[in-house]
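Here is the structure we will look at, set down as structure tokens.
Letters are used for the chains, namely A, B, C, D and E, taken in the order the chains are written, and counting of residues starts over at 1 for each.
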Amino acid sequence: MLLGKIVGTLVSNRKDPKLEGMKLMVVQQIDLDCQDTGKYVIAVDAVGAGIQEVILYATGSSARQTVLTENKPVDAVVMAIVDEWEVDGVFRYQKYPESQ
Amino acid sequence: MLLGKIVGTLVSNRKDPKLEGMKLMVVQQIDLDCQDTGKYVIAVDAVGAGIQEVILYATGSSARQTVLTENKPVDAVVMAIVDEWEVDGVFRYQKYPESQ
Amino acid sequence: MLLGKIVGTLVSNRKDPKLEGMKLMVVQQIDLDCQDTGKYVIAVDAVGAGIQEVILYATGSSARQTVLTENKPVDAVVMAIVDEWEVDGVFRYQKYPESQ
Amino acid sequence: MLLGKIVGTLVSNRKDPKLEGMKLMVVQQIDLDCQDTGKYVIAVDAVGAGIQEVILYATGSSARQTVLTENKPVDAVVMAIVDEWEVDGVFRYQKYPESQ
Amino acid sequence: MLLGKIVGTLVSNRKDPKLEGMKLMVVQQIDLDCQDTGKYVIAVDAVGAGIQEVILYATGSSARQTVLTENKPVDAVVMAIVDEWEVDGVFRYQKYPESQ
């Protein structure tokens, strides 16, 4: 999975019937330092993520393994909202930074 | 999924029998600002997209999840025509810009 | 799918039994202007393509969706011989250019 | 499969239900000389790998072939802890270097 | 499929049980001129390839289509040992060059 930030939404009225009702999110890929990598993906939201939230997304056939996306023609899904991660023992991202 | 623009069509008379009757579109990949990324893909059209339309396409096994492409040897499908998307609250693309 | 040109053949006598009898083609990837992109792939030929022919190939699990390649350990298949394509209304490739 | 080093962990409380109980690891991709390639992946740990361990990870649908990840929306899995590898007869990495 | 050269082996004692008994090879990707591309992959050997042999490998779900790798968490398999290939009528590689 890769890290991303939800930066917007996409609207499509004419689409494959299987996509009906799915929320399509504009996701900017980010690196381990939360920096924009310059890549994006349009992903189905399976976890109710909001704008500006840092998330994890899966691609390929794995994107069809949520209840929402099963057998659907989607190749990217937001499957987790990220709380925090650390690299070499130091937090690189914390959704709710602890007071110090 | 990634964003693309339909820029043309491709004709093939000798092809795998399973592809009979499918419309093959030349798709230029675009970025979140509608700029050509320099990459392309030849994709099956599952939604009746027209030339110059901005679309969403899925790749890999997910491209075989539309009714049209099931069990077919295709690895890219146009599965949505895009109306609009926004990034950080600002429209980057609108098919039908509102009058102001 | 991506565009390619058949530039040669590959011979392998010791291979997975499932590959017996398959023709392995050396395919140069080309862009929308028929220019070599510098990338290649070794693909199974499912349509009887000949040397120098411009073709379409599919990769990943989709490469196993032809009758020939079903359940075989191949990740690239030539599934169409290309007659022509156009971009913005202008032919970029024509196998049989019309006399003018 | 590609080589990686476990450099940290990721916490997510709101995620697809199928991910419950899985340990998400921050993996830096490394090359054959153990050097960081600058790429990363967030992968499910299927073998109990620890921080700083050198591992092997699989991506795509293959990431769902461990007992732990079957039918889960994950596209990367740590499936082996690496003891050593050699290139051209010379060890490039040894977890437990032999005394000389 | 892509071309590679077997340059070494990898040892892992703690791995997913499904990988028991599989031989993991260090494969350098090569181009059509047999030159190292700088990329590598760790692949399961399904054909008994030896060090320095030029081989063909398949990736993704196709890597699980050999008898050896079925339903295993592996995303790359060596499925053919290459004897020769030609480009534009000229051999670029011959395992057993003909005497002239």
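In the analysis below, a contact is a pair of C-beta atoms (placed from the backbone, for glycine too) under 8 Å apart; a residue touches a chain by one contact, two chains touch by 3 or more.
Since we're looking at a predicted model, the values are computed, not measured.
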Inter-copy rotation, subunit C to subunit D, in degrees (Cα atoms; steps of 5): 145
Between subunit C and subunit A, distance of the C-alpha-averaged centres to the nearest whole Å: 34
Computed distance of Cα centres, subunit C from subunit B, in Å: 21
Numbers and ranges of subunit D residues touching at least 2 other chains: 60-61, 63-64
Contact graph of the chains (line, ring, star, complete, other): ring
Cyclic ordering of chains (reference subunit D, direction subunit E): D, E, C, B, A
Footprint of subunit E on subunit D - complex, ascending: 1-3, 31-32, 46-48, 56, 58-67, 69, 77, 79-89, 92
In the complex, subunit E residues that touch subunit D: 7-19, 24, 26, 40-43, 51, 60-61, 63-64, 71-76
